[in-house]
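Here the chain labels run A, B, C and D in written order, and each chain numbers its own residues starting at 1.
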Amino acid sequence: MKRDKTTVGRQMIQWAKLHMPVLSQIMSHFSRTKPLRGLQIGAALHVEAKTAVLMKTLIEGGAKVAITGCNPLSTKDEVATALAGEGAQVFAKRGESKQEYYKNLNRVLATKPDILIDDGGDLIVLAHKKPKLITQILGASEETTTGVIRLKAMERDRVLRIPVIAVNDSPGKRYFDNRFGTAESTLQALMSITNTQISGKKVVVIGFGFVGRGIASRARGLGARVVVVESDPVKALEATFEGFEVLPMRNAARVGDIFITATGSYHVIRKEHFRIMKDKAILCNAGHFNVEIDIGGLAQISKKRRKIMEDVEEFTLRNGRRLYLLTEGRLVNLAGRRSLGHPIEIMDLSFSLQALSVEYLAKYGSQMEPGVYNVPPEIDRKVVTLKLKAMGVELEPLTPEQQEYQRSWEMGT
Amino acid sequence: MKRDKTTVGRQMIQWAKLHMPVLSQIMSHFSRTKPLRGLQIGAALHVEAKTAVLMKTLIEGGAKVAITGCNPLSTKDEVATALAGEGAQVFAKRGESKQEYYKNLNRVLATKPDILIDDGGDLIVLAHKKPKLITQILGASEETTTGVIRLKAMERDRVLRIPVIAVNDSPGKRYFDNRFGTAESTLQALMSITNTQISGKKVVVIGFGFVGRGIASRARGLGARVVVVESDPVKALEATFEGFEVLPMRNAARVGDIFITATGSYHVIRKEHFRIMKDKAILCNAGHFNVEIDIGGLAQISKKRRKIMEDVEEFTLRNGRRLYLLTEGRLVNLAGRRSLGHPIEIMDLSFSLQALSVEYLAKYGSQMEPGVYNVPPEIDRKVVTLKLKAMGVELEPLTPEQQEYQRSWEMGT
Amino acid sequence: MKRDKTTVGRQMIQWAKLHMPVLSQIMSHFSRTKPLRGLQIGAALHVEAKTAVLMKTLIEGGAKVAITGCNPLSTKDEVATALAGEGAQVFAKRGESKQEYYKNLNRVLATKPDILIDDGGDLIVLAHKKPKLITQILGASEETTTGVIRLKAMERDRVLRIPVIAVNDSPGKRYFDNRFGTAESTLQALMSITNTQISGKKVVVIGFGFVGRGIASRARGLGARVVVVESDPVKALEATFEGFEVLPMRNAARVGDIFITATGSYHVIRKEHFRIMKDKAILCNAGHFNVEIDIGGLAQISKKRRKIMEDVEEFTLRNGRRLYLLTEGRLVNLAGRRSLGHPIEIMDLSFSLQALSVEYLAKYGSQMEPGVYNVPPEIDRKVVTLKLKAMGVELEPLTPEQQEYQRSWEMGT
Amino acid sequence: MKRDKTTVGRQMIQWAKLHMPVLSQIMSHFSRTKPLRGLQIGAALHVEAKTAVLMKTLIEGGAKVAITGCNPLSTKDEVATALAGEGAQVFAKRGESKQEYYKNLNRVLATKPDILIDDGGDLIVLAHKKPKLITQILGASEETTTGVIRLKAMERDRVLRIPVIAVNDSPGKRYFDNRFGTAESTLQALMSITNTQISGKKVVVIGFGFVGRGIASRARGLGARVVVVESDPVKALEATFEGFEVLPMRNAARVGDIFITATGSYHVIRKEHFRIMKDKAILCNAGHFNVEIDIGGLAQISKKRRKIMEDVEEFTLRNGRRLYLLTEGRLVNLAGRRSLGHPIEIMDLSFSLQALSVEYLAKYGSQMEPGVYNVPPEIDRKVVTLKLKAMGVELEPLTPEQQEYQRSWEMGT
């Protein structure tokens, strides 16, 4: 049984690697140049197949690696098992309690990592609570919007002690992973967990940032009637001009069949909304933390709560209506048993940026002041360009005249 | 373990029933009126959760039911187990050999069914090989385009001996199940089996009938660049005007990343096409039978063939390129372990039509001549109207003046 | 000035011909074979550039041609002038009164036509009021859904005296002209008359037949939020599953910014709807006759009515709200000064079908019983196939095995 | 005749004002507060109906206004005439020579403007050649990407002498006007000039900035198969993941039916591309200047060049193929006789930003250093918020908890 699990996990990792041509090239390069020789790397990431390819890349680069999950539900146990067999220290399993979760973060930090790779900021925040450790860390990289917001808040409050590369903010990550990756994986998960029909449904997307607009666009592409909820006027107007209905939650709550949160904010669906929802509405979250839906509040106003199916909980309100919460309000595209996370090919971009950012920190981290840094533009450009090449997409070269024209201001009508 | 399976299957069936409001109403009605009392019904259908709700409806209506699969890979074992516990005779498991498959069809026929429900025509064709049995059958209903084409060929060749209601051809089925249902389920399966990205991919859809155009439209909705292959000029021109690239296979083969067959035809992807495909192309089928992709031919020209992951086989051609075949070329939306079949809500339509067609055959079958019949329009209209009501969609009523206007020809400019 | 008009008209006709490759081929063929030699043809069609190419084709085929408009507003005067210079008798100008309109229909009939080409049925109906004339007519062809419905009512009432080919009902016409042609031309006209923004607007499309679904789809493609109003349950459910909001008029009336009627029915927008519309709502019609919007009713409940711009009338209701009616409720895609009618390329299909249907009537009309006929399938297939060739779109040929497979029923799982 | 023109122009301006609720509010406010009293404003803008509403707003605000065109072909003469009747000095007519164009710019500068409003940068550049004048100018605002690029080049080269507000760069302008406005108006113009079909056509969009991606998206929404040509890797990958075919020009040139340039660059379509284009390809430009298509080069390799219709020129190459250039390569959405420019409602945003930016310059311009400035964010937010209110779109308010949450970093998993 154990063996089978390992086999399945290995197959998944190999399949993933096959579809990550850019990261594979970096792996080959790392295996020759060993840029991470002697370094200990600590990671808190979703422990699944694509992540395993990143870990293997770092190991090929000469690093020792310890990894834990960045979410109690997102670990794929087969992958965890297989990855452990490939030389990484893996402290993760699906369905951790909060205690186990933090225990595992601490285990990673106990390896005295030189560099951190984080997804959501928990590892970096925790490292800051270990005064001795934090001074020895060269730097870190952060994968998500949520994490970067936390880190910038730390920077603003002057408590950030290490340089952190905000991989999330790089065009090569945010324009693709956040917009296209989350959209596909959220819909894959939603369909796979519930077998519900998307076409004809009223899907309420809360938040119209990169993640939200991706989900809104793809849900519409599958035939849903999409309603957008947004607090920011520019984004709300964009959504309107892209043909979405924009409503405040108190109106959206009445009409939605499926609700997907993607705000990075807190309690965006609350008691006053649950009470007016339709019978059988489905609730799920695509943001990093499980605080976007007020689950505690939902439980309070429910007369009955029960798990009715893998990854589906039923809440029966006092008005008799039933609401269905997926994957405990954790990010639905990773936390469900049938959720696969982002498409492999999109993670080829994000994790290539991670690998090269780690290499950058290995080289320059010791000279960098504490602070939140952008991915160096040449890394971003390199990864995107390699990706295009791998996909066979060709750019139009600029002529010398065009380059000159863009510099000049004299030539007019 | 057995018990767990039953529990899981039951949960899936209950969840399905919850989202089949029209069939649930019919079930309630049947349970009061018992229109099928004393009848034995034999079914060959995909044995999964939605089908189980149909079986329960028939049982509520007073019938005895025996069911087998209509495809060797599409049975969900948990559902089969749970359904057996609800009083149906179930002869089906996932992964049958061809022999087992036919043995199970025979077992269903051995129950001396009065009415058949078929999906693909295998059960009806087999019943025609049993001269004594066939004369005692009141009638049958058929779910698929493929089955109806076979039955019409039988009618044309004057070998059809019973009345068959072509549920597939009803607007309430074909315009929805074939177009919207297959599209979503095919994409759900494709994403769930492979974790591949759809956006940015070149997806070749072969066949632009109801199934094909649904898939093409939804794949585009997810960001794919879709190429359509079609033999019929009207359909090819429709595809073009809907913004799809239309190419013959010999050109499409060179450019596709993912190939999906939906023709109901034979060997639409062949050796000459495999040879010119790109490395890592993915092949799958959404048509009823596993003959659309010439798998034998593919094996012949491959130097290596191996299963590399659940539901994924790798063929390495002599030119070194690797092609990936999903679910043995069987209908990808049902045959994969992670494939869930059509969305529940869409099957509410199709199976409500089935239930009422069976009731119709119970009443009138004995007076009907052999032949292929349309679903009676009042049944079709009733089911669609109930569905709209359940979804809260309101029609615009015609005024008396409008009704009069549509009958007249005098009023002009 | 006259001369300029002729020049402009000629340029428009030449430009149209350039983009009608199929009709151009038929014209060449006709000019060699003269299949219409000696025949007088009477037409009531929108007198604009594409129509002129059809008329020239008939003239090249040896016919004498008399033409009038089929709508008081749709004649392009430059084209009428230019066409008169090419040998056709033209009785049409933009902005005819109803009297002039019928006078012109009578003028066409006064030429004693052997064959009629009609758009909407007015010419054919009028010919039936001339007992002597009607017996001498070989047959007619009809272009529109509206006309075909009238003719079928005549057939049902046993008053139809001649064979009529329902060009409208041919797949080569209805699937393209009605769906793609009307959609583009309606949006072109709407944008050109009003300079209004489509994206972000709530566009209410009344009727989800071929015309309505085309408009709904393209309006959404331009960023509108589209609401569909429909009486037929199957169409309403299709619209829902394609992601449109389906509402009855009394609800749609409250939310729409732009209303487009496409029903072929009568008074689908009425007083009770006008009264609850938003200030500045725009009303227009894409159906054949100007009866879909109850303009008389609108005038009755308005305290003020005035033309405020070319093709735009303002109605001020007693509640102070202003509604804007385009092109007097006549088909907006043809009746506006800036409306250009269907895209040229789509009329290449429809008018090629017309030309070959006229040729067919010339040959076989005298042997055909009165009744409504389909376009002979070989004509339909020929035109669509030539169109594909002209566009460079290649079909996938069927292999002999595939042809055999489609005939057989034995081969199953 | 003159009178008629005035009437038509006035109607167009009134119609435009009716659909510019935000600018209308600003106009009312200005008419009470007179923030521009005593100021002379010089503008170079497309002289059409929406622009006239802006000019009237400035006049209501107490300013004296002189305006000329910013493109030799984009002036609507009726509007120019009507606007002159409303108290503005208007130096513009459609179809100016280059000399007349610059003469008119000089006339505007001869009024000794205190503030400039520019579109493309010609007026501001010219003002810098008048050493005495430039020192007396409070500031300027610039409407376009092209103009801002020129101004930033001037800033970089240290020759910019006045503060300029880059209205173009404001989210309230660029995310809407550039993306949604140009797309609709370009398609309106293309359809209105040529009556060509968009659906089924291969449309090549060159440049995937805000303008290009808008056009690509809407052309696809109308059924076109869209090819994108791009030099920037991130944009090229975005286009790919949004489902567009991305090709270099040398490949795109072979397959396109319609080419639309939107790069702001120089000679993006050149001789080597014309030579391999298909017969009857249509060429047009949506960028500010008429240098994106190398018209001189096209003429050189043509054996024949003639105007064949309003706004359409035919070039016959030596290989016999004919290419059709629209509106002399000038911005097709404004320069054609039937081109109406952006939808009115979108210009409500852009021109409200302009009006408030001018007010800002009137107040603070004298204290601002030379340089390119962003629109003050409070102006941007105000305009977008008023627009949402006018459209009836409601935002979701942030709760105090949410505001607190976004500031904190402690709360994690």
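Simple rule for what comes next: a contact is a pair of C-beta atoms (placed from the backbone, for glycine too) under 8 Å apart; a residue touches a chain by one contact, two chains touch by 3 or more.
Computed from a prediction, not measured in an experiment: that's the story for all the values here.
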item	value
Pair joined by more contacting C-beta pairs (A-C or A-D)	A-D
Furthest chain, CA centroid comparison against chain C	A
Centroid distance [mean C-alpha coordinates] between chain D and chain A, Å	38
Euclidean distance of C-alpha centroids - chain A vs chain C, Å	52
Contacts with two or more other chains, residues of chain A listed in rising order	180, 199-200, 220, 223, 240-241, 391
Residues on chain B engaged by chain C in the complex (per definition of touch)	70-72, 98, 101-102, 120-122, 125, 149-151, 153-154, 157, 171-172, 175-176, 179-180, 206, 229-234, 236-238, 240-241, 246-249, 251, 264-268, 289, 291, 380-381, 384-385, 387-388, 391, 393-399, 401-402, 405-413
Of chain D, residues touching chain C in the complex	8, 11-12, 14-16, 18-19, 49, 180-181, 183-184, 187-188, 191-192, 194-200, 218, 220-223, 280, 308-310, 312, 338, 340-341, 343-346, 391
Of all residues in chain B, those that touch chain D in their complex	199-200, 220, 223-225, 240-245
